[in-house]
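Chain IDs A, B and C follow the sequence of writing; residue 1 opens each chain.
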């Protein structure tokens, strides 16, 4: 009998926990409330199914538990009942899948007028790049990454010269405008995740991934990494600020472009650290030759590596 | 992953065909007695079924590796490597081994013990020759500067030929045991079965090798491109 | 209409199954250590799996101590934390669940249930265990290597798995892990061939496929899947080992690690994910299908009623097995793969819900109008249904591509897979051990200890994982050593985490009672007799209990009926064993 009580308590308790507990999703700040709606539909359907099955089991145990003289019925199958149950389940599944696919179609269709923002992940730091006055992001190459060009912007690409570089700082987005987040990583897998935006996507070294959203309310939100990226994974935090248009323009005006940053880094000559060979020379991958080059690079970048590690460890 | 999808479709077809003969729609609670066991009197030996299942596992292994080959090939840093001419000779040697084992099996069935013994030894020698030939092919490539880590095409070449070679080594081990056993005693049914299994395994390894060879020579991607054009 | 009485009294057909020549052990070593008897191998598999599983259990305590009381335990720093979660996950999924269901229950039950004397290739079967043991030793040894075991997470995603930012990435950890998995796959293949061919070729006279107990169907289908899926893990591990040791770039793109240019280039991390999940998703069902099968038999036996819709159950197992090969990318919705794949994989994933739901309905409909004995196996079976339904339904969230976007990589995922492929199958394992322990040892497990074990485990496990879903819904990411301050956590979740941790410690402690019971009952348990549950299947009909090498004495059993003749109207008893020719089945035509 204890089983019956526990099963009923479990079903009822789960529903009550769902309804009464304070643990619920954080208020949304993007256009993806469709996702929240799909979750709500799914909660309804699955909740009903779960409670029904558990309560039915509890009833069976109560009613058909063994008592002296009881015998079980003999019923190998009941095609009609099974048919009805299968059909009902199919409808339930379709009721969850159809809105899901509908919303997914929106999720993968980026609006024409979406502006582009690039997010760069590295262990364990977020950086950002915005297209400059020309509205275009320049191309990048992981092999071009060097202490004075930490995001690997292609120097020969004119479109990249006016790109705005934000290294390890805050990202600002204007409210109400669709934005396509282009995601890139220079070392390992990361995942750009802002709980209030609902959307997330992995960042994969060697390729550019994306998703889009429209911020719907101003505020300051936390960026988390949602793909285990090494021991610093939980510390890999960033900030995204959703601004009104005026605030956004004011912030934008303060940022430095790639060419400005390059110019200032050239004047800052560092004595005692002369590196032979250009950083992109590594692009050759043939056998032992590459390894020697690689060793050279390691010596060259040694101090920089420790600085990055130290800043990330903070 | 389309290669492995095709492979799985083939396996699924075999499974469905087999299940179709198992009366899966019968109502077992209505059928009492062993009357309903319709398995015939002649049964395949378990070892043969076992080998069949094992070959399916090897097939899955190689089709997955080949799927990975095609996916990795799409990357821009891919640089196909020239095939050493020696591979043609190796292909011939492997084929000769396969044919020899087939002949051995036929001779063993005809109770021609002496011929079967010679066939086994010849197949063993051919198998070893193939392996040595593959090693020479590896050396030729590395002498020409095509190292394992140099290019993904090289990496896949060494990986796939290495995996194939290990399977041949495993086969040679089994073949060696059969040969040793057959040289001491007159051939019995068990040995004849072993020879047959070795022959099947060798044919399969021959097919795998031909697929790999086509892959390295670039014919396979041509075929796939052609299929893609047919579909679109 | 088939004449039901046609089988009665007919002359025996000639034996179709050749009586196999058994290997005869000559010494204590070959009888109990290097044994070729599937039952001994099963026990070896089982004890090894449980032993390494205990390591994983202790690791889960350490994980929960850190999450429940962050900062309290200096010992559990971030590096160790990631090593613990990685080893916990890998051990539980591969070395405990897969090995115990297929190597343990498969070895013990397949020959007995199909009426064979042993597996068809006993020598390969023995090798399978020893290779598995080697894999376990290599895995455990990685704890003692410089740098410790790998901390890449059980998914071992490159490039981080082989880089210095991850514990064990540039040390021995990842090498040992990959080697151990490669060894495991080789060992498993040897065992797997045995399980499949024994079911195909070793069945006793009269044992048609549709008379097989669902346990055998579940283990058989899972083994076929494992044989086809494990090569993907094998290939992925070999390729990653090449990347790590030989400098190839299968999975490694151009990388600047901590400001340092690595010599890799052009490789695709997504390729690894495809290979890994091509194995990883079937793996879920490799664990689930044997559990489905076993729980069907437990419910039927202890409710004294035939399993409802046997045919549907068989078809569902086969269909789920087939479908599970075309859903793998639902683990990769936010991996950066072509987003249009999402449509296909969401659809196939949700289609799997239909046959799975049918299985659930048939389990509960078996209870309906049954004669339910609330024995320990039955209690665990009920607990399985509750936890499996819960975990299965949350799968509908994660499988539906757009819902997965906010929930993936959060604690919701952790809660989901622990419920559905952790708690639920382990409930079945416990139920199965309480059910078959009398056959294995000849004695019953102690009931009082069993009750304590059951209640603490069931309620505790549910209390751990049900609230955990809501942490994920808030947005708490998984694999965080310490969440610390986070602006999106509107309500304090520290109490909830502490509660979950306390429950986890409690549930873990209950397992000690279970282990003690296993040892204690070996000597002091009540004598069980040959068929204590009055079950129909063949393993309960052996002439001796525990069955000796060869199982059946002088004569192989002959099968006359299906595995579920419980409470047949008109029969003198409420069960008719499969090998019993004369029934007393009179009113058959009327009930069909």
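The rule is simple: contacts are C-beta pairs under 8 Å (C-beta built on N, C-alpha and C of every residue); 3 or more make two chains touch, one makes a residue touch a chain.
Since the model is a prediction, treat every value here as computed from it, not as a measurement.
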Point to revise | Chain whose average C-alpha position is farthest from chain B's own | key: A
Check your understanding: Which two chains are joined by the greatest number of C-beta pairs in contact?
Key -> A-C
Revision key, fill the gap. Here the gap between chain B and chain C, centre to centre from mean Cα coordinates and rounded to Å, is 31
Review point. Counting in whole Å, what is the centre-to-centre distance of chain A and chain B, each centre being its mean C-alpha position?
Key: 43
Point to revise | Residues of chain C whose C-beta touches two or more other chains | key: 247, 249, 265-268, 306, 310-311, 564, 592
Study note, to complete from the structure: So chain B residues touching two or more other chains come to 27, 29, 77, 149
Exercise for review: Provide the list of chain A residues touching at least two other chains, using ranges where the numbers run on.
Suggested key: 76, 285
Check your understanding: Can you list the residues on chain C that touch chain A in the complex?
Key -> 78-79, 82, 151-153, 157, 159-160, 163, 165-167, 169, 247, 249, 253-263, 265-270, 303-306, 308-312, 334-336, 339-340, 342-343, 346-347, 350-351, 353-354, 357-358, 360-362, 364-365, 367-374, 379, 382, 385-386, 389-390, 393-394, 396-397, 400-403, 405-410, 458-459, 462, 466-467, 470-471, 473-475, 477, 479-484, 486-491, 493, 496, 564, 566-569, 574, 591-592
Review point. Along chain A, where are the residues that touch chain C in the complex?
Key: 3, 6-7, 10, 14, 17, 21-27, 32, 34-35, 38-39, 42, 45-46, 49-50, 53-54, 56-57, 60-61, 64-66, 70-78, 81-82, 85-86, 89-90, 93, 96-97, 100-101, 103-105, 107-108, 122-124, 142-143, 145, 147, 150, 152, 183, 186-189, 191, 193, 195-196, 198-207, 209, 220-222, 224-234, 279, 282-283, 285, 290-291, 294, 297-298, 301-302, 304-309
Check your understanding: Tell me, which parts of chain C touch chain B in their complex?
Key -> 1-2, 4-8, 10, 12-14, 16, 18, 120-121, 189, 192-193, 196-198, 200-202, 205-211, 224, 227-228, 231-232, 234-235, 238-239, 242, 246-250, 265-268, 271, 274-275, 278, 306, 310-311, 314-315, 318, 322, 325-326, 558-562, 564-565, 581, 583, 585, 588, 592
Revision key, fill the gap. Touching chain C in the complex, chain B uses residues 1, 4-5, 8, 11-12, 15, 19, 22-39, 41, 43-44, 46-47, 49-50, 53-54, 56-57, 60-61, 64-65, 68, 71-72, 75-78, 148-149, 152, 155, 159, 163
